[in-house]
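Scroll down for the structure; my scribbles are underneath it.
Going in written order, the chains are labelled A, B, C and D, and every chain counts its residues from 1.
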Amino acid sequence: MTKIGIPHMETDNKNKPITDIQEGYPRRRFLLIVGWVGFFFFSLLAGLLTIVDFFKPKVLFGPSSKFKAGYPDEYPAGKVSTRWMKDKGVWVIRTDHGIYAFLAICRHLGCIPTWVEEERLFKCPCHGSNYNLEGDVVGGPAPSPLFRVAISYAPDGQLVIDKSVKEDRVGVREKGQFFLPV
Amino acid sequence: MDKAALGPIHYIWFAVVGTALAVAIVVLCIKEYAREWKHHQAIAKRLQIKAVEEKIKTLESELPSVKEEMKAKYEERLRMTRMIRAQVMASPVKIQQIQIDSLKKVDRCTTCHTGIEDVDMKDQENPYKGHPGKYLQWHDIEKFGCTICHEGQGLSTDYMHAAHMPLRGLDRPWQKAVLSKYLIQSSCGKCHLDKEVPFAPLLSKGRDVIEKAGCSGCHKVRLYENQERVGPSLDLLGSKVNRAWLLRWLSNPREYDPQEGLIRPRMPKFSLSKDQILALEAFLMASGNETVLKEPAEGGDPEAGALLFRETRCVTCHLVEGKGGYLAPELSGITSKVSKKWLYSWIKDTHYFQPRTKMPQFNFSEKQMSDLVEYMWEEFQGEEFEIPKEFEDISGNGKDAGEMVNQGKKIFMEYGCTGCHAKTGIEQGRIAPDIIGLGSRDEERLEWGKAQGVDKYIGNWVFARLKDPDLLEKKAKMPHFPLTEEEMAAATMALLSDTGGDIPSQYVVSAPNQENYPDLPGEFGKIVDKYRCRSCHVVYGKGSWVSMHPLDGEGSEVRKEWLRAYFSLPYSLRPILKERMVSLKMSDSEVDLLVNFFTSVMVNNSIPGDEGTFTEEEVAGGKILFDKYGCISCHIMGKGGGYVGPPLTTVGDRLTAGWIFAYMKNPRYYEPWSIQPDYGFSEEETRALTAYLASCKEMKKNIRVSQGK
Amino acid sequence: MQERIDEEKPKEAASEIPKKPEKLLAFPHLVFKEFIALMLVSLVLIIISMVLNAPLEEIATPTKTPNPAKAPWYFVGLQEMLVYFDPWIAGVMIPILIIIGLMAIPFVDKNLKGVGIYCFRERKFAFVIFTIGIVAWFGLIIFGCYFRGPSWLLYLPWESWDIHKPVISKGTYILPLFVGLPAMIGYYILGMWLPILFARNFYKTLGSTSYFITMFFILSMFGFLGKIPLRFVFDIKYIIHTPWFSI
Amino acid sequence: MIKGLKRFTEWLVHTQIWSSIFRQGWPDTERNRILTILNTCLFHLHPLKVRTHGLKVKYTFCLGGVSLFLFIVETITGVLLMFYYRPTVEYAYQDMKDLEFAVTFGLFLRNMHRWAAHGMVLTVILHMCRVFYTGSYKPPREYNWCIGVSLLVLTLLLSFTGYLLPWDQLAFWAVTVGTNMAKATPLMGAEGPFHILSEMSDMCFYLRGSVDISENTLLRFYVLHCIALPLAAVGLMGIHFWRVRKDGGISGPL
């Protein structure tokens, strides 16, 4: 048996093992194990559920990340629409082939760039990052291109833009849910 | 000692309780995770996928047989449908909610009603059903949510707590349960504050009933705060009716005209004792003044009168033996009510007796008037009433006349007669409680009186109040209104739609406030007042919708010559309508003034005034279009045609080319209620049709009529 | 006081109780039992919480009072007292007196017998008075919870709350001051004086200070409880009524 | 395998980390059991040895311990509930509904908080009765009895302040009536006998933070319920338990 403790206590018969719950009482031992297993199962499960599930919000308040953005005909080809900039922070761009949308957040430090029609560039006021119509950086300190967001059709034929799904990798961002051929 | 030290019993307890705890947490998890809405979402997902897959299958099977030029379009559709399928399959199981900050609402109804916006799910059962009708197209679900119309507890995620069941009392999970389809229209009235609410016929009917029954005379009712009194002034009643009639009328108005519903008369039945009626009668008859009545000239010609009666189209407003218009009183049996002298004086000087009546002051000649009175006296002869016996028995009860009159005045005020009838010298406010915000009253605080057995729902309370006021309150002052049950139900619904003004202004759809349109000034105003144009037409925003034709842009719409002829001798454009323009017998100078005013002032600036010139080809092209679109099925042209729209045989005489063009281009811009289909004509097509219609003239006849005058 | 314990211990307790009380190790005998109790309470709580939902009524509306508006059960006794007394007594004085009275118990109870055992025989008086207080308190709670309905009127538990009941005790009579004031003073003086006369021993053991404090609280308790029958039987609203306060 | 497990435990309890936390060995010898009680923070509230009659369930019915345990349950569930509750008029009620409908175990935790609160009031009162009937308030335990009464008052106050937080009708009106009583305090209340303070400065005003129940009241009650009163209760409990040991442990026949 272990011998850790205050030295002067180790003198008398108190070191003798007590066998009330050990050998010689198999039934007590069994009951003890059953009780402890039940208790630990209960407390571990309760703790786990609390951390994993209770703390995870099931509903979020605030503006929805998904919104309906009207019908595709409402966006003329070759134009950048700033229609949803103020409310949702999204540019919708229609080319001859299809529609895609940019999240209006500069990849440098999170400022909001503006669309300059004359230069056909998105220009960030904070540190002068410029992006072209593809979203690629053409000037300034920004490390990566603008995020594109998921765009799809609602059952009624309107566009649905989901800002929570975003992509900036070349090759991925031009297809699938980030580009809607028209 | 044995109880103090640990014994076997403690170990058993420990094992049992430990196991029980483990079981309890498992049960708790099952209870917590097996939520109703998860089950519904799973089923809804299956249904949605099934519907989409069927679509994909049909598209795939049709694809090989599709023509080459359509192929690309088909493939695109297929691709889109597949994308939708992927979206549905990937949608996570989670609580859905619609958050509307301006309404301070969070609705989680779509957690179970997942397919509510899905057109393909319309035939499914609840809660998987798609919303019927086009209501969600008109009301974006993200902007309106669900409970603003349907009520119930939007935050809830299970059936019971969403208050689908109308539980009352302490068991109710939410104050307002989900409205059944019979009551849902009351929600429309929360935001739609105009009298006619589209696609809510019951609500519109209810609002009509509220207005006609004159609820606002005694109660303050939303939308009707400034409504005029619905009954006639009683100032000269003593000279108008006889005692016997009045006694019978006060005892039971329905006896005089036992028709069902709010047609006529509107007078409700008050629970008055015989003594009270006698006193009231004494008070009302005391207003008699024989000197204001004039005797008609001798020798009136009943036959000429009959002709005049028909020509002026009195039945547009008046009932004759239950047939005719509902704006004015029944005329048959009129002799038992009024004297000949009064009838004559009334026609001669209508607005002296009732300054606010809807009846125009007809411009009859002396002869015409005596003819008319003579005719009516013969034609509408009714039985002569005698004073009912029970009144004769107590009429001599020893009270002197002055006392009776005073007592009658008290009753007159106590029962709120002033709510509907004006009487000079008696002014008092509304005598009954406000019913503003009636829909949000708490059921538990209402007095249910004898109606203990009924479901304690506010709607039942209002209905019971209308059906039998005595049921809820002993000695209720509220009279019995002559309403049918449907009318009562509709009125109840309309009253419940006022839930207390918590609707943000951007949601409110309201009718223009008629208070902003005062009586018209000047000579024109005088004529409008004399002929009471606003009893039937809307003139500068104010008026009644008996005619669905506001007069504001009339000058741009019709030709001057036609207008002149029409004023002199009106005829009906649509023969199937019951309400027709009455013949007012205006003087020439009045007609001139009106025609000039219409054509110079009452014009719509968006319609060009000039007649325009059209080529023969255009006229011919218009004719072809006219035939192609089957206009003749609704309009008369020449010999044949339908009766739904106005006849077009001489439309060129009537309408200006500018108006025809503008109207054909966009029918519902000028008349939103028009049933004329919008064919979406191109500029050229519209021009051609205009040219054709403008060429349909027969001016000679009209000119002759106007010259003959 | 410590001295007295030392004095008494050898005299009285020695014969009955062993000098060295038997003891057991706290571990495991106490700790294990405590743990079982803890688990048992958790289990009961979990089961109750699964089965019974905590009440949540409609959102607070300052313009609409629910009927009846009942306090949480532990305050229903006070709410019931509000029927019989003005708020300053029922809501302020009674709670304060109860708290002070409870705190005063160890200081006025000079009887040192019956420690550590449930013992009625040796401390009859304390036992009876405390039991009367507790039973009255829970009695008021039960009465308020189950026998009061809308408008705080008397309803039997099985009676429907829909019926409009006439008010039985209207509280119409106010005793005039020349009757009420002497009655009240008389109640306290007699209450304090009579035991001195007839139970001198009791007075002597307590000492005068403790005696008067004890009697004040006991008389007040019976006085508060005594007004309930006064209201129900004689329909008396106030015993003392002055422009400044009423009892 | 069992052998391996045994060897693992053997190794584990000999590591420096283990022995730095647990000073004593496995409590299967009397010595180690004594050390467990002495060394363990949680257990040191207990005496080493307990009188046998005090160990009987029928003597204490575990009422004091259960009260403490319910207080701990209240603390844990209360802290969890605080994650989803905002004490404002606008959100309080909605958050209640969210707890019910949209938070996993939200309703369960709220139920538990509520029923444990009721249970705690009951056990504290019953504990007081037990202490009275066993004469355990007698010298030298008078002071601890008073602490106990204060703890009863604190328990009631905790329940009362918590009652307002759901912001439903039940809460609002119970608290309206409850705080209105403060108005009737003699001298210090605006409507009590001999009142000297106005409605804007009396006890009730201090309690509510406004004339009527309002946002201020809600925040006040929230802070009292979650911070001030629990802290006071914990402090008094510390003294209470300390005094139980110092005044001779669990009472027993002398």
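Observations, loosely collected:
Keep this in mind: a residue touches a chain if its C-beta (ideal position, glycine included) is under 8 Å from a C-beta of that chain, and two chains touch if they have at least 3 such contacts.
Computed from a predicted structure; not experimentally measured.
Farthest from chain C, judged by the mean position of CA atoms in each chain, is B. Among all pairs of chains, C-D has the largest number of C-beta pairs in contact. Chain centres defined as mean CA positions place B nearest to the mean of all protein CA atoms. Mean C-alpha position of chain B lies 63 Å from that of chain D. Chain centres here are Cα means. That of chain C falls 22 Å from that of chain D. Chain A and chain B, compared by their mean Cα positions, are separated by 52 Å.
Multi-chain contact residues of chain B (touching two or more other chains) are listed as 1, 4-6, 14, 17-18, 20-21, 24-25, 28, 95, 106, 108. Contact of a single residue of chain A with at least two other chains is seen at positions 21, 39, 49, 58-59. Touching of two or more other chains is recorded for residues 22, 24, 28-29, 33, 39, 42, 46, 50, 58, 64 of chain C.
Taken in their complex, chain C has these residues touching chain D: 1-2, 5, 9, 13, 16-17, 21-31, 33-34, 37-38, 41-42, 45-46, 48-50, 52-62, 64-66, 69-75, 79, 86-88, 90-93, 99, 102-103, 105-107, 109, 112-119, 123, 126-127, 130, 134, 244-245.
The touching residues of chain A, counted against chain D in their complex, run 1-6, 9-10, 13-18, 21-22, 49-50, 53-59. Residues 6, 8, 11-12, 14-15, 17-22, 24-26, 29, 76, 80, 83-84, 87, 94-95, 97, 99, 106, 108, 117-120, 137, 140, 142 of chain B are the ones touching chain A in the complex. Chain contact summary for the complex, chain B toward chain D: residues 1, 3-5, 28, 32-33, 95, 106, 108, 153, 155-158, 161. Residues 20, 27-28, 30-32, 34-39, 41-42, 45-46, 49, 58-59, 61-62, 64, 67-68, 152-156, 181 of chain A touch chain B in their complex.
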